[in-house]
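Heads up, the next two complexes both have chain A, just with different partners, chain B and then chain C.
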Partner chain A sequence: MNEQELLLLGIADDELVLGWRDSEWTGIAPVLEEDVALSSIAQNEIGHARAIYQLLAEDADALAFDRAPEEYRSSQLVELRFVPDWARTIARRVLYEAADELRLRRLMASADPAVAGLAAKIDREEAYHRMHAELWRGRLRDEPRYLVAVDELFPYLLAMAEADDHEALIAQFEPKTVPSNTVLQAHRRGAHADGWPDLWNEMTEVRRSVPGASW
Partner chain B sequence: MTAEAVWSALAEVEDPEIPVISLVDLGVVRDVQVDGERVHVEFTPTFLGCPALEVMRDRMAEAIESLGGEAEVEVVMDDSWSTDRITPEGREKLRAAGFAPPAPREAAAPKLVQLQAAVFRCPYCGSTETKLENIFGPTPCRSIRYCTGCRQPFEQFKTI
Partner chain C sequence: MAFEHAGSVAAPDEGFARAYAHEQYGRRGESAALWVVRRDAVMEVEDFVDELGRNYHRVDGYSLKAKLAEARERAGTAPSRDR
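Take a look at the complex of A and B:
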């Protein structure tokens, strides 16, 4: 894969893994509205992942589920497992959507019409994820558990984002400390978070049991 | 076989999740080309994660095959579909079935403040005294609002 394809693969992996993590709230969210919201958001994110995989490969399922764990390009931010911690779940949603908006905007300006068109289509749906994040950012504005979670996860966010977006994200979230290069290196995409082997195991179980299985 | 016959057949294919409207009403059929018995249809997805996509594609192929055509349904993953593509007839059918049709799309993406403050009309009683209950709903394409006029929750199509 060339550099552009690797970038797209990372985005698709982020969307797939985050969709998986958000769907862990289905049935157990703190209120019914959020059960519906997180399930719907998860469904959208996985739909975006599938569409991007289809740009990169004939068989989206094979690309999504037939890779070894170390071949995934997902960021650690999306791999972390937060259930049953709502404050960190929401902090991740807020942080992720901010970075996702910046990279989508860049893809929408891509010279490749297939990439630009798909990014614009994805962005129509992401607008509603951003509204959800905005709503919760306002609600939890003074909630200590949320504020601690934002600070804790900020290094993961910066490690997920491309360098071009760092300045804008720092300005938006004003972290107490800006993560050093050493910290960013430890949180880098591809190095994988602690919960990743278990999640990979769960995500790929069907395809490993029945090679080529489709849904 | 003519393109008109294919369009008429597709106008009978119901949306799998909202059977009150057809796929032509929904605006997802972008083009129909007929070459002898071969029928090529360009189809644009609504929401990318919508599980109805495969069902829509298969139902369109069946409708074309029942006319005696050989169906080729191409899914076009570009940005050409918006809720503005739903036809006026489709919008009226949605309203009559109790789904508030989507507001027109503006140049920029919709904002939270618009969902909270703009005028959305209750499909049951017509009141504009409605409030946002949940940005998300039973499928990705719908939000939930509550009408303080007739005290009914209702499903509002998202604008995308």
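Take a look at the complex of A and C:
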């Protein structure tokens, strides 16, 4: 894969894994409406992953589920397991959507019409995810658990984002301390989070149970 | 497509009501647009008395189908049963 394809693969893996993590709230979100909304958002993210995988490969399922855990390009931010911590879940949604918006904007300006077109389609759905994140951000503005979570996750956000976006994200979230290069290096894409092997195992379990089956 | 009642949402404010309505009643492409109003803005009208049974107010009080069949019978233009 060339650099552009690796970048797209990283985005698709982020969307797949975040969709998976957020869908862990299905049935146990704090209120029913939120249960439906967050589950719907999680499904959208998985749909975005699917569309990007289809740009990269004939068989999106094979690309999504037939790789070894170390081959995934997802960021640690999306790999972290937060259930039943709602403050961290929302902090991640808010942070993730901010970085996702910046990279989508860049993809929408891509010279490749297939990439630019797909990015524009995805962005039209992400607008609702951003609205949802923004509502929660407003609601939890003074909630200590949320504020602590944003600070705690900010280094993961910067490690997920491309260097071009760091300045904008720092300006937007005004972290108490800007993470050092050592920290960013430790959280870098590809150096998976602790919970990743278990998540990979769960995500691919059914597909691996009957290799080569046509579902 | 006419507006019809889709359902209700419980939400802490108008922003969440909009977002939740969008996901509850729009995520499967079943809606082209939604009207979301506060519960206290809904005026309920439920008293429909008809003490004297004036069924001529209602469309089912006048069966057009039967009258049409009679008229066709008289005019001899009733549709053939073979067709």
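Some notes on this structure:
Rule of thumb we're sticking to: the second predicted complex is superposed on the first by the 212 of 215 C-alpha atoms of A that agree within 3 Å, B and C clash if a C-alpha of one lies under 4 Å from a C-alpha of the other, contacts with A are read in each partner's own complex, and residues count from 1 in each chain.
What we mean here is this: a residue touches a chain if its C-beta (ideal position, glycine included) is under 8 Å from a C-beta of that chain, and two chains touch if they have at least 3 such contacts.
Please read these numbers as outputs of a predicted model, since none were measured by experiment.
Within the superposed three-chain model, A:118 lies in touch with chain B and out of touch with chain C [touch as defined at top]. In the superposed model, A:131 makes contact with both chain B and chain C. By the touch criterion defined above, A:63 reaches neither chain B nor chain C. Of the two partner chains placed around the shared chain by superposition, neither chain B nor chain C is touched by A:158. By the touch criterion stated above, A:8 is placed in contact with neither chain B nor chain C.
In the superposition on chain A, no contact is made by A:80 with either chain B or chain C. Number of chain A residues touched is higher for B, counting chain B against chain C. When the shared chain is aligned, chain C comes close enough to touch A:139, but chain B does not. Counting contacts as defined above, chain A residues 33, 36-37, 40-41, 128, 131-132, 135 meet chain B in one complex and chain C in the other.
Those residues of chain A that touch chain B in the shared complex are 33, 36-37, 39-41, 43-48, 50-51, 54-55, 113-114, 117-118, 120-125, 127-128, 131-132, 134-135.
Note for the complex: chain A touches chain C at residues 31-34, 36-37, 40-41, 128, 131-132, 135, 138-139.
Interface residues of chain B facing chain A in the complex, by the touch rule stated above, are 47-50, 77-82, 109-112, 115, 133-140, 144, 158, 160.
Considering their complex, residues 9-12, 15-16, 18-20, 22-24, 27 of chain C touch chain A.
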